[in-house]
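Both complexes below contain chain A, partnered by chain B and then by chain C.
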Partner chain A sequence: MYSTELLIQTLISGVMIGVLYALMALGITFIYSIVRMINWAMGEFYMLGSYIQYVAVAYVLGRNYWWLAILISTAGTFLIGYLLEPLLIKPMHVRPMERRDDYATVVTIALLLMLRSLAVAIGGPYQYRPETNLPIMWVGPLPMEGARVMASVFALFALALFYVVISKTWIGLALRAMAQNRVAAQTSGVDVFRFDAIAFAIGVALAGLAGALLAPLFLVYPTNGAVTTVKGFEIIVIGGLGSIPGALIGGVLLGVVESLGAAFISSPYQNAYGFALVLLILLVRPYGLFGERGREA
Partner chain B sequence: MSNVLTTAGLTKRYGGLMANDGVAIALTAGEIRGLIGPNGAGKTTFVNLVTGIERPDGGQVLLNGSAITGLGPHRIAAHGLVRSFQVARVFGNLTVRENLMVPYFASARTSGTAEAVARIGELLRLSTLEPLADDLAKSLSGGQRMLLQACAGFMIPGVKVHVLDEPFAGINPVVKDTLIELILKENRAGATFLIVSHEMAVIRRICPRVTVMIAGKVAAEGPLEEIARREDVVTAYLGRSLQ
Partner chain C sequence: MNRRGLLVAIAAATLTASSALAQEPIVFGVITPLSPPGETGLGQLVKRGSEIAVEYLNEKGGVLGRKVAISIQDSAGKNEQAVAAYRRLVTNEKAVAVFGFIHSGANIAVNEVAKEIGVPTMGTQTGAGDVTAKRYDIAFRTHAVDPPRAATWLGWAKKNGFKRMSIIAETTDYGIGLAKATEAQNKSMNIGLEIQTIMFDRTTTDLLPQLLQVKAFNPDCIINVGVGQPLDLMITQATTIGLLPKVPMVTSYDAPARPQHWQLHKEQGVGVHFIAFYTNKAKLSDVGEWFAKKYQEKFNEPPVYAALNAFANALVFAQAIEMAKTTEPKAMIKALETGSFKGWSSVPVTFPQAEGSLWHNWSPPLMILKYTKQGQTQSEAEVAHTLGEN
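The block that comes next holds the complex of A and B.
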């Protein structure tokens, strides 16, 4: 049953969920570019963000201040990332400096297990849902949950903020320099170890933000980050590892393809359309839409 | 003491090979010292040890009297010593101008923007890179990259010693002259240089004194003309088979 209205509605909802996926992918790609490792615990930082959101709304702030809780969740995951990186990741990187050790990646897998177990130990295997005071909103002709609309708005705002920090501030300049040549950045006086921690913190804060934003819709429980992490990595394959535009465009593309498939083909297979897209990209451009063929080290 | 950079007993071992074997060198403030030696003599290892890229197995590096041995490169840069690499390391996806901003802001961190802009303008003009200021650095030629790398070193506020590893290798004569002019100008402004090079003509032109390294050790030190007459140096360069 085709109608232009349905098509437009589907595209809108696809883009809206896509920007949230993009947050995850951006976090993964950003940490990879700077710290030179894949952070497999991204989903657990998503989970942390959602738990902080729940605790803040349910016990401290109340549902009217859900937006303040979002900021606290994001800042909280940033802080946790900033403290964990020097503690767990940095010691895994041994000299010479340009060789980023694979142990660091393995440590993030350990971190994943630890954080999940911690969530079970503290919150139990239950599902929670942080409330909001948002009413149903109309996006064009389409009625949508307010939390979903605001999640997309916050995500867009975060992406814009990320862009400004990276392209307009000296911190962003130092991070871009580090992504291109770590040793040259260091001999230029950039304190690369501090920036590793900053980059890691920014990356996981993006995941924490996604977790907090999606908590009212996808709920809060110990393994809630798993699905979004998979989406994040799908986007990395689509957009290309280490590419920021790839993460953004890949995220939106994935959201749109999934929504279109669910609306026009069959909705139970929603996740499968994303995988089909991944397979297609792997066949045509194995290094992703914006990836470069030969990566250094 | 007017020695700005001193090393004592600097040692680095790679398995059984003594890459640096008790290297001692002392640079006087404001001099341009040449560091020469046959391939494999340990010159680049020495530069790596002094600038914190590698950690020495033994010995000491003093910059203005304070020990910088084993510190990371960014800490050493903050102490006032920077280096350039044999293969110019520039940030390819940043513009030429941004390449010059990175070292300035990494060290200054303040909003000394007017000062930075003036300095960048001056260096762009002197290095003849001005027309390329807003191009990405990856579009530069090898020689232009060398110029840019040197200028990036000159951007760090408060740097007293510049260590340049083979800055003249494989660049065309015009760019070479520009680079020499830049070095001489910074030197007149008070900077000290240690230049590793195989280009004897350039060394003769700008370095009143040279240090010769052979097989991981300092073999000789003095004016190039004097050094060139020493038999052990000549032998190391030309090989015994010629005699």
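The block that comes next holds the complex of A and C.
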């Protein structure tokens, strides 16, 4: 039963889900690097992206334009993030505050509960599934939903685009400057509050994109983002906080470890294998595979 | 009777009526999953059924001359939330009976508290043996337990000459119980069936690794023991890797009976088999007929089992109270154990003090239905097998 074919199929499946996990992790790590806060509501932006995808495909565009719906979902979550940041996050930087981390935690958990309740109130507790016109595709020996293959392709493209924007554009330069030294960036003329909003919006848009991409596969319902948020944090520990390659490699590693563990060790502990990997990394390299060792005065 | 006697009688009647009106209503508690990760689809059906039950009981003059009310609490399929809801219902709302359970784990957890507090519970659609097998006085159920359910799909496999069966089950009381019951009965039946059992955590978002193992096993049939989202995910992903529709899949409960099945699965939903407890060809009692008509009027669709069962649970408790002439828990339990009650089915509901999981358990008929065309309703589905057929 444990054939080479099963091993290859499981590896492919793990890599493909890992790329999608990476999107989530990238959003969390990016927001942390720039805005200096953990967004606990990332899963709810994933959920928002999936709902926008469903509404756009089911009621407006139709299944043939699923790809356009993905762009709309990403833009939609970007816009929501851009509008919410000045209301919820900016006060943390504007007003003198002793416990910024506590403030960010409370605000984003409140946002999580509000968005989840809103989804239940509007769409009910039911599951939905946006359609696509993609046929089943073969990846090596493994037949896969076209939506899954395209989701991985979109995710890789988004990661590459993100890399180019961050490393090659003026906006990216400003964001990187803020990540290194917020005060110095402000002194150099960077409008840090506007870029906070942009960074927050980009981060949540990555989660929204993941939600839209995975909606045809893992369905749309009010708590569908909960598990992916946990995976996002696991990947950050594995790959290293603030590292783009770390998010990608960490995501793929997590996906592969979970899939192989479920297939070849014991299926009920699929989620536990990821935690075991996290523990291992914390023991061997506490700052993550691609993270930088912290300096203490 | 002279004029003075008549006046006294009228005054007495008025006083009695006004005191009845002033009495608090009898409250039935409903604990059911209304938000994820619970099986919210069934929770909604339970809500519908219990609300119609209250309408019916109050139309008929209430219970012991008192109005009936329900308090619906969301368990979200979580044990701790269900236990908190039970405590709230009994202490704050003064509920005299609690039903509506869908998740076995939640029902079992509540029973552990209920056995101390004493207010009886009734499993509406909870299948795990331990819901009643612990022989608690307070624990009742009107649903098929693990052994007959396992016997149904094993009988179906035998009828079709299947040699290899894969069971993919969640690691809950429900999933573990069904997997164990199937393996145990397969051994005792000795039908030459090789069984592959794969368990999964119900929070898992991707079941592809598990389904790839199933594919490698090359089974003749698959038993899908997921509840809610994992059940649907399994149908979708099994179709993708070519297991469905080639290998028939039976879902362990009647989730595909809901219209949502076709919204989620479209053409993938054809060929899906499912365990069912009711079809519109089933003979209903007079109250069952009343309910079916009312449900159709209200929701413009035929009634589904979970709604019928929730309706019947409320009626059974109401009849037990009438029989005991009190809402005192011990007297109600005695009435439930000794009485015969009218439910949705033409078969009377009784709760024998039987062995094992059949303790305080009334079981509906069991069958496997199969969709042969897209968009079919449960009543249009083909009956693939009935328990006891072979």
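A few remarks follow.
As a working rule, the second predicted complex is superposed on the first by the 280 of 297 C-alpha atoms of A that agree within 3 Å, B and C clash if a C-alpha of one lies under 4 Å from a C-alpha of the other, contacts with A are read in each partner's own complex, and residues count from 1 in each chain.
We adopt the following convention: a contact is a pair of C-beta atoms (placed from the backbone, for glycine too) under 8 Å apart; a residue touches a chain by one contact, two chains touch by 3 or more.
If you're wondering where the values come from, they're calculated on a predicted model, not measured in any experiment.
When the two structures are aligned on the shared chain, A:W170 is found in touch with chain B, with no touch to chain C. By the touch criterion stated above, A:T10 is placed in contact with chain C alone, chain B being left untouched.
Once the two complexes are laid over each other on the shared chain, residue contacts for A:L289 go to neither chain B nor chain C.
In the superposed model, A:A75 lies in contact with neither chain B nor chain C.
With both structures placed on the common chain, the touch criterion links A:A276 to neither chain B nor chain C.
Between chain B and chain C, the partner in contact with more residues of chain A is C. Judged by the touch definition given at the top, the superposed model places A:V149 against neither chain B nor chain C.
Applying the stated contact rule after C-alpha superposition, one finds that A:D191 touches chain B and leaves chain C untouched.
By the touch criterion given at the top, residues 51, 53-55, 72-74, 77-78, 82-83, 85, 89-94, 98, 101-103, 105-107, 109, 152, 156 of chain B touch chain A in their complex. Interface residues of chain A facing chain C in the complex, by the touch rule stated above, are 1-3, 5-6, 9-10, 13-14, 17, 120, 124-129, 131, 136, 142-145, 148, 217-219, 221-224, 227-228, 258-260, 262-263, 267-271. By the touch criterion given at the top, residues 95-97, 170, 173-174, 176-177, 180-181, 183-193 of chain A touch chain B in their complex. Put simply, chain C touches chain A in their complex at residues 34-38, 40-41, 43-44, 171, 198-201, 203-206, 208-210, 212-213, 216-217, 228-229, 232-233, 236-237, 240-242, 260, 263-266.
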